[in-house]
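Listed after this line are the structures, all set down as structure tokens.
Consider the two complexes below, in which subunit A is the common component and subunit B and subunit C are the respective partners.
And now, the complex of A and B:
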């Protein structure tokens, strides 16, 4: 198993503490640091995200806690690595990427759709902190996406490379073969509770009134 | 007054024409169609007959189970014809000593040509400054590490001219180097690249193809080859034509060979002797031999080969069906078509595929009549209606086809089905000639499947039947002819960006094919149809036409399942226009299209028989059958 009981207990305690005392907003950042994970991603905000005009670009849309309060996915793929692989997939296909954070929702479909609407090519990728991902197109309805990767415990670095690659291929108007979706019937019983807790935590960092912000991302 | 049901039991469908006969005139009440149950000509067909007749009764305004309304059922006497198809690949490409890599990855890195000695990424520190190198990057090395290692080596003055890597990292690495080098990526068996050998890597700009490594003299220039050695690299150059990227490695004995696979002998017994040939000589020679051997008595394939197996299979099916001993079942025709089959290259490093030559074969057996009497009895017992065996299928088909407005005797019909292409010709004096030829819809499926590398025959069938389109955005699709159609509602995300089959009512079905363009599929589809149906149409008409001259036929009417196709009839029409023949899809009774010809013929022939008995002459049968006088 990728995570141990201690970690699980820690996360549960953390979330319980937050639920009990929502006012103590400063606490979580501290606890993350005590976990010993040093952020390898440097975020520089560029102001409110605008709609792009570059037809070669794919927008990667993330929730606020991605690479900040959260540092890795449900199976411990570091967020720095997730982004690096997605960017590599996009770059290998000759496309550009832009990163935004979406503050009003923790629903991956709507995050991805928000990214797609701001993307010059109309293609966006949404990735939750626990790993769940969607490739989206701006003219589609939010819940009718191009490719959905619902089982976050099955998404490893290689899959994230494929996601970036396929999104870029859609942007180029090519005809990619969808990334093979894996299925593990044990993923649900094993991770569902954990995923629910992670979702609660993810949602606690939302700011419903805030517009999406564009960032430059440096991966150290 | 009598109600007559003409029922045509075909290989795939059972068709019914229901007519009321009064005073020697016939009024058609309805027609219906159901799938044939079981193999044509056996008692298993009863269920299909029942369901087709029920539909017809319902359409005529009666209760669907009220079979007593029908006074007489007429079924046709079918000539049992079975077709069978097989594919033979007759060439294969073999690479020895990993001389080349030509798999055409979608995103190679850099542009241009690099030449150097192959060296592993891990051994970069052992390189000397006096010669150029080609770096081999295995998949275990991350692209950033690879780029950094190569950059560092370059900065130390080592001349790295090109690279071959296992992951899809070509662009990523090139983008991170101080100056770009050509990189071929996605080479799966990168560990088998020979080390310490001279290698050339060429990458063309997007939209272009490589020029140097596809030219034997340029390869000779790059490697300093002698004239004899240059002769040896010709297959390498040829194999790389049309690629955007390629690697050629100079090894002491390495080469690329095209080998002919012995596919077996074909023995054709004609009236005037026995002829033999190898299948790998190609379709033209096989067809010339088939033409020369006419009339064919039997055809054999070499035992132990695919072809031998196919011939035995079709003989056995027919023998089981008709209870005729195996030795008395004879193959009467064969159609061969050249195809290209994508095959994995033997000894390739990157799962290269090469288009190899293949031959698609269709054969046909024909025997005496099927045991229709038994079937007639079974239907009689099931429906409690008198059943009568009408005329021969071809005769009935002509009678039915003549109800197409604008036709008259002498008339030829071309029945294009799934297993065989049949032609019959009715002269002015009522004399008929009839021929069954191998090769029809199923053969087209086989060719489409092999050329596009599809496993599923259902998919091949769907591609054959349906026009294509490419979904260019959520709101518009581009059709085969280049026109654009807009959608009012956003299209489903499954079809976004894909080549789809455009079914009726604008239903789109995405094709599960990787990187195959709409044009390619269209070309394969049309070529397969032309090589089977156009060739067979002319072959068939030559056999039935007076003096073997197609020009002496005035009217050709197309019937059968394959004439429902959206382009086959126009292809045949166009080809026959060259012989100044009026050819086109039938329109039975002016309303049924190419369907229901035999069933209609069965009802009409009943009227003819009645009238002949009553008065000794054939009466006017009313508007619909006027032409058949």
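And now, the complex of A and C:
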């Protein structure tokens, strides 16, 4: 993917505009339908997220802008597709999922850990808008993890499916082979500057005083 | 409309690797600027009642936690009025002037505020930064560090690569993981491999901070480095941390007799969306001063994992060299980066390393990849093992001690094999999944993890869990090695464990010789004062650097 100064400038301008007018878009407590490039995600808030009791559930934890102000990952995987794959991976293993949005941090480790703490099985998945993901477990320290996928430019739809599957296997108490780690030493030179801008934008949608909210998600 | 006619020259240039790199313009509002943001504070200090009551135009009651920590612990209040009264240019001159002793410079620098230090750096061009680094680094003898990792966390490859890295002259080696639960096994491989390749080599395992401390206390690692500090409050808070919690962690290491340094680097704050419009270097100076204030002996910086950010903006690589300089000018050890990919261009990535290579630093690399970059789990280093002969040639071309030594194929194969055999024995003693003779053979002759058959990962992970649960320590490793007849390796692992009792290697910029003797800034202080002073290559070391095995020997013709 090529990005140029114009694109960077546009992203920065959007960030600045939103930072300048933070209260403009206070979240309405009703269903929001966001238009993705290939499909729609329908978000229905269910109130503050509670700790689950289902021992076969995996909590998918997302930052506020996921599937909303952002619609695709850094390599253009649509967020609807990301969720579809993760959900499918979880269901293939006979497990269930719940979706929460975490508002107080844009650190993917803490987002995933927040999900794990609310999960009936103790297993959570955190996914940033640009794609960076973590499979986490309640008992671990926040910056530890079961599996970490730090290089978002290498995460395609297939990897998200495997992330869902493996998280479900952990939820069932299995000890799966970790999703094979992909490594591209040239991802940083190509993407890091852009990732920095995306993260600035991700962080601009945080609400540091707000507790996690559970959503039902429908993908059209 | 007809397609615009293109210049073949420009089309050719656009195909060059440098055009794959991300370059961005400066954007002051979000802090996408290397040095000298108009939002950086203006230097000032006011002291009353033995306390800093104003620093860089900010009143004490308005300090954020970083500013408070720096004001309370990182500024020499006796020195401050005199040092702050000097012009930035005057201080910059002193840093470069061979007639001004290093110790006078470190005294002045410790009396400065963050904004003042950032401005002093902005007075120096890159050649002057190199000169100042040569004079200001803490330890006289330069050194270097390696990354030893595996894309498949293969323990046999790790032990063999660690042995080879130590043989090649890296005085410290760092591992991390592809799968985090492999960590104790990776640490074990480095511990053993390092002592086979060159006894005394220090090893660490970069991971979650509590875990790093735990395996250090167990004697599976000899030092730690990945204790991160940040220049703005929000980034600290995002990580559930404060300068005080980091200082507490540092004291945990010190009290257990373990060497450690902090990590920071330009670009991390803007990368995490919280630079507050300040320049990358100004925020990094805050990090360096937090490290100093916490009483830590050293710092890894030089942008590190965020190098794509300063690497993309004007004067970014100069800022990176400057942050290394600030660290040593505040009298700390520096592990000076060069450890992460930032460019597709071989020319750019070589040039990025030359300031630290020519000047010499405590650790020129804080991770030269001792494996091919596809196995580098720090997402790739600026140099990898496949560049090693280029590096050896550069040492020889410029008569520079870059910390590495030429090795022969035979001796390398021998240490790789011995290390793999020793690990095979230890795995058997511990009841871990067996390492087969075939794996030993493959690791002995391999270049990377693609050359060795995959292991049963879930079984290995059970072993890693067992290692933690059963409380296996460095002493158990010593016993297992000795029981299986590897007495020499056992003795050297024990020698490393003894370091934490004597504590000598807690001194600034310490490394350990093959006999367990510790060199540091205390008994090897940098006394550079112009030509023919400071570090000089010994005749033996120059012979070693000269003799790259593939050079034609005139006497053979």
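Simple rule for what comes next: the second predicted complex is superposed on the first by the 184 of 220 C-alpha atoms of A that agree within 3 Å, B and C clash if a C-alpha of one lies under 4 Å from a C-alpha of the other, contacts with A are read in each partner's own complex, and residues count from 1 in each chain.
In this text, contacts are C-beta pairs under 8 Å (C-beta built on N, C-alpha and C of every residue); 3 or more make two chains touch, one makes a residue touch a chain.
None of the values given here were measured: they were computed from a predicted structure.
When both complexes are overlaid on chain A, the residue A:177 reaches subunit B and subunit C alike. After overlaying the two complexes on the shared chain, residue contacts for A:192 are found with subunit C alone; subunit B is out of touch. When the shared chain is aligned, subunit B comes close enough to touch A:165, but subunit C does not.
In the superposition on chain A, contact of A:146 is made with both subunit B and subunit C.
Contact with neither subunit B nor subunit C is seen for A:79 once the two complexes are overlaid on the shared chain. Once chain A of one complex is fitted onto chain A of the other, the partner contacts of A:137 are limited to subunit B, with no touch recorded for subunit C. Shared-chain residue A:113: touches no atom of subunit B or subunit C. Annotation for subunit A, partner touching more residues between subunit B and subunit C: C.
Looking at the shared chain after the overlay, A:91 reaches subunit B, while subunit C stays out of its contact range.
Residues common to the contacts of subunit A with subunit B and with subunit C across the two structures: 141, 144-146, 175-177. Contact residues of subunit A toward subunit C in the complex are 3, 5, 8-9, 12, 15-16, 105-107, 110, 141-148, 150-151, 175-178, 181, 183-197, 199-204. Interface residues of subunit C, counted against subunit A in their complex, comprise 20-25, 27, 29-30, 32, 151-152, 178-181, 207-211, 238-240, 267, 270-274, 305-309, 311-312, 340-344, 373-377, 379-381, 384, 457-458, 461-462. Subunit A meets subunit B in the complex at residues 88, 91-94, 137, 139-141, 144-146, 161, 165, 169-170, 173-177.
By the touch rule above, subunit B contacts subunit A in their complex via residues 107, 143, 168-172, 175, 472-475, 490, 492-493, 496-499, 512, 514-515.
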